[in-house]
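Heads up, the next two complexes both have chain A, just with different partners, chain B and then chain C.
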Partner chain A sequence: MSDVLLGLKNLKVIFPAQQGIVRAVEGIDIDILKGECVALVGESGCGKSVTSLAIMRLLNTPPALIEVESINLGGDEITKYSENKMQDVRGKQISMIFQDAMTALNPVMTVGKQIDEVFIKHNKLSKKEARIETIKALRLVGIPEPESRAKAFPHQLSGGLRQRVLIAMAFACMPKLIIADEPTTALDVTIQAQVLEVLRNMQKSHNVSLLLITHDLSVVAHTADTVYVMYSGKIVEKAKVEDLFREPHHPYTEGLLGSIPRLSDTTKHFVQIPDSVPHPMFKPTGCYFHPRCKYATDICKEKMPPLVRLDNGREIRCYHPINFSGGENNE
Partner chain B sequence: MSKNPIIKIENLYVDFPVKGGLPFQKKKHISAVSDVSLEIYPGETFGIVGESGCGKSTLANAMVGMVKPTGGKVIFKDKDLFSLNRTDFKKTRSDMQMIFQDPFSSLNPRFSVFQLISEPMFIRGGFTKKEMEQRVLELLKLVGLDEKDLHRYPSDFSGGQKQRIGIARAISLNPDLLICDEPVSALDVSVHAQILNLLIDLQEHLKLTYVFISHNLAVVKNVCDRILVMYLGKVMEFGSTKAIYKNPLHPYTNALISAILDLDIKREKTILKGDIPSPIDPPKGCRFWQRCPYAMEGCIDIPAPLLEVEENHFVACHKLSGFNEEQIKNGLDKRINKDE
Partner chain C sequence: MQKSFIIKRIIYAIFIFFVVLTLNFFIPRLGVDDPAERYYPPQGNMSDIEYEIIKQVTREQYGFDVSTFKQYTNYVEGLLRFDLGTSFRTGNPKVSTLIAERLPWTLVLSVSNLVISLCIGLIFGTVAAWKRGRWQDSLLLNLSTISVALPAFFIALILSFYFGFELELFPAYTNPNMVSQFDWSWEAIKVVFFNAALPIISMSIGGIIGYSQRTRNSVIAVTNEDFVLTARAKGLSQNKVLFKHTLRNAMLPIVTAVGMSLSGLIGGAVIIEQIFNWNGMGTLFLEANNTNDYPLMMGIMLFMSTIAILANLIVELTYSLLDPRITVGEKR
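Moving on, here comes the complex of A and B:
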């Protein structure tokens, strides 16, 4: 398992505010292998988007304060890169697909021109050559009539097409890693199925690594290989996707899985996790999940459980893991 | 069911004129809802499903009189909503309320929770301040919020809590009919369950009738008694939830159900190609034919009639209704090959 493409070690992001400090991300490690699709799952406000922006170095500092041990991209330490060099990395080696395609695209530029820019900047192509590449890229993501669609403005395209344009743009220079931040949240179910298929096919056929950020576990089940579950700025569970869905160890993961409506449900009521995510400025003591956890005991209120690595490569942060045969985890 | 319907819609059409165009050109229209008839009975949950742009929100808006239909009638409790005078209209409308999709934009950020929830009572009049305050506290408890929240502002709340405020506001006047326009789609998946459970409990408790609009068929299946599947303003399939999920007959319903990302089973998927076409000048025949995997020549020009295939299950598709002899002679039942 030495084919680690992106190694993120001990990332911390805090936002100082007037009333206190918001600890958005509290020391997380993520490893992404070559050609792997890693999903980062959590509710809104758990720090998953901040993590992705921190990797891309797109967070404004100030206000954000970032502390990180290392971000290793294919053997290079990108934390030491200058801002200029980082600009070459973005788009060429790591690129990003944003959640809302309408706001991510420039409304006064044709979509073709926006993709051309990527080729002109990174591959030093002329305008004409760039347009040929753009049309190829658009065709690759399954946009019909790419020649005429390249001349369209974002508002002339439907939501699904816009998202495909963003995917085409992200894959333009065939980067090593693509970060997709909630790529299908704004879309209809039928279009979501289309877009996910495109994304998955592109990723597999070009052997690109994908970091998929989402709050929807059903999306994860169909696309990811490895899953990191995040809660309130900490990783609470890491597992292969089949293992996670077959037997979740962390109570939070169990709750997330239970709250998804399924076609096979027969009862009218839905399983729910009580309450909501703690405010990032006023996190509870001990395990952050204990106020919502039905298995919580006294130790959970006092001490944050450590992230324990199991034999099968899974990681879990809980004193009372469920579906767990290896005995309870007491330090 | 022999009960009287609480709301009855007869051949409803809603068209919107398109702005712009040349001066003497024929004005174009968006046909948002076209020839929809339905009856909703007290105490049931009626689901409307379809992709965005299919007219489900417009239909709901027409039900509460927020959009004036171009044709057809909306009859609420034996009163034709659009022939009432202004005062009667206002009075009638307090019996039907709406929960909106996006709690972030449907709550005025400058109103406190008390102002927000008491506004319907304030507009209707006839309540003293004390009565209003008591009622608001009662409502807060009902939707699972705290008394202390009374004088806080929407920005202090999370998405799920905001939606609870929206629900409290909607039920403040004891309505009979509650229209939920995608009540959970703007929220986190983990909060979905909380809000849906709240809605189900409220329905039992307050004897409400729901019109539930959603594009998530997994949610609809568990919540609704009957559903209506819409596409480009037309009814595609209509019937009891059980019948439709057991035996989805329209190709569009099939595609919608197979598009659900389910954790349990790996099913064979029919992924629809393309997007929903523009509702300006929609296809003359079946509105779905361009994306339909089974489209036949006749589907292009002849609209499919809504056919009752079994009790409480209506489908509009040529695959089931077929063509008459003369049409078959003209080759209208030939499959269109779209793979070239």
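Moving on, here comes the complex of A and C:
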């Protein structure tokens, strides 16, 4: 298992609230290999972003309560790091790309200065040296005229350029892992494709691992190698991207794939998964997905199905997996 | 910034200036039948006709013999020659001379008050925001509740009583020789410092708490912004995140508040000055009011409003320098 870059084991995140306890993340494991792009897919509120912030150890505690068996980064256990040591990890070994580049950039500081900071902190460069590196980084992500753009304030750039600035910032020190939290959600479709292309190229050419957090399956199909499907704080399915799209095993994944509108479809109305995600404070008994699942039986209402590892490396949490040749899994 | 915008703002400021000057002129005259009344000598054994003549002479002497409108045009004419007029006081001193005499003493109080309130307020507010929900924060919350119920003059009375009369640490009344004997010597500065201590403290307690509360709220609002998370995700230290990202953005509303308070600097604090017998602008204005000294009243009010107009103009014109997102006068 030496090629595993990030090993996350049994992460639990709880937010105490006035009316009860919000179990945002309920014991998830994620392995990211070196140079691999892993997608974490799920609806809003299923705990994707909380997971990413927990890996970076950026969740404020309190209010969050985090319990984790291990976060192993390239052989080092970062759960035991002090806050100071963690600051050296952030930006240098793991960095992050946020969803909305408008609000994720400081409005009163030029974008160049904001990237300079990364070089000054981690590579101990002077301001002048940092600016040279910043311009290189901006050029790498395909920003035209990087010298003058570095002097611009965020509001003077277009949405696509701002997102590229964030990507340049994340890749500045060529970290081992980049966590991209919905990097294209705030962009329109044509710019989305460009930004994804830049992200994918940077990741491949510098052999960086990428944890892509998204709810957009078309982004997953184009970018990811391995997909984790998350539902209400739990991983329900893990598979290679081709396997997942060819034959999804979990009914939720099937529903997600089925709800992508297709031109060939002549029925002219959206297919959707009935009902909505359970409130994180009032999750159903048994399998969290059973109220919305058309295959659900009595056992689904009573017991949470275990996460079962299959021979081909896939993992599934369901009593009645579909498209499954090995017969039904009754544990 | 466009030139036309600057010119527009300046023309607007001049317009406001004339409105203020007109109001300044007419408001004190509303509701007073004969403004010269208190300057008439006692009738004594003069006959009514003689006394009428004396009254007429007095009115002429103070410029009340002509119609109110004529008085107004005379006043504006004087202003255009940068002449604020002559006070009704004995010796007929120039209004501008009286203001120039008192202004520095008011500035001693108000500028120290602003500097102290701002510096301590910023530090305390930032600490309270940083330690949100802990004792530092609840202390600030409780203090601001109390300070609402404690006006500055009440604090001044308490301080004057305990530190002035009981403990005799600081003078409870301003030394009357302080102004006349001031000669920039080290000794004289020390005397001013001792006399100003209690008034400044009583003025700045409310200011400190006000600026702390403002700073705390502003810092907390900015702390929840995404770019602060970005800064932390870059691996910046807590201090760097606080000073370079959070505070710079949190300062914007504070700077506006300070800009707006600039005009208050010269007005003086009437009640505080009275309590400590401090001869500043506030006392001067009160004296003018009590003696129907119209030129002096109008002079002080006009001076204050002019500073207010200028301060607003400067805040408006410089705001874009502080916040690059704001481009004044340009449509985006």
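Just so we're on the same page, the second predicted complex is superposed on the first by the 330 of 331 C-alpha atoms of A that agree within 3 Å, B and C clash if a C-alpha of one lies under 4 Å from a C-alpha of the other, contacts with A are read in each partner's own complex, and residues count from 1 in each chain.
The rule is simple: a residue touches a chain if its C-beta (ideal position, glycine included) is under 8 Å from a C-beta of that chain, and two chains touch if they have at least 3 such contacts.
Not measured: the values here are computed from a predicted model.
Student: Between chain B and chain C, point out the one touching more chain A residues.
Tutor: B
Student: Considering only touches as defined above, state whether A:Gly255 meets chain B (first), chain C (second), both or neither.
Tutor: Only chain B; A:Gly255 stays clear of chain C.
Student: Applying the touch criterion given at the start, work out whether A:Lys80 contacts chain B, chain C, both or neither, answering first, second, both or neither.
Tutor: In the superposition, A:Lys80 touches no partner, neither chain B nor chain C.
Student: Tell me the contact category for A:Gln194 with respect to chain B and chain C: first, second, both or neither.
Tutor: first
Student: Of the partners chain B and chain C, which touch A:Leu105 in the superposed model: first, second, both, neither?
Tutor: second
Student: Over in the complex, which chain C residues touch chain A? Could you list them?
Tutor: 225-227, 229-238, 240, 244-245, 248-249, 252, 322-325
Student: Using the touch definition from the top, list the residues of chain B that touch chain A in their complex.
Tutor: For chain B paired with chain A, touching residues are 51-52, 158-161, 188-194, 196-197, 200, 215-219, 221-223, 245, 255-257, 259-265, 269, 271-276.
Student: What residues on chain A touch chain B, complex-wise?
Tutor: 43-45, 144, 158-161, 188-194, 196-197, 215-219, 221-222, 245, 255-265, 267-274, 276-277
Student: Which residues of chain A touch chain C in their complex?
Tutor: Those in contact with chain C are residues 56, 58, 83-84, 87-92, 95-96, 98, 100, 103-109, 114, 117-118, 121-122, 153, 155, 166, 169.
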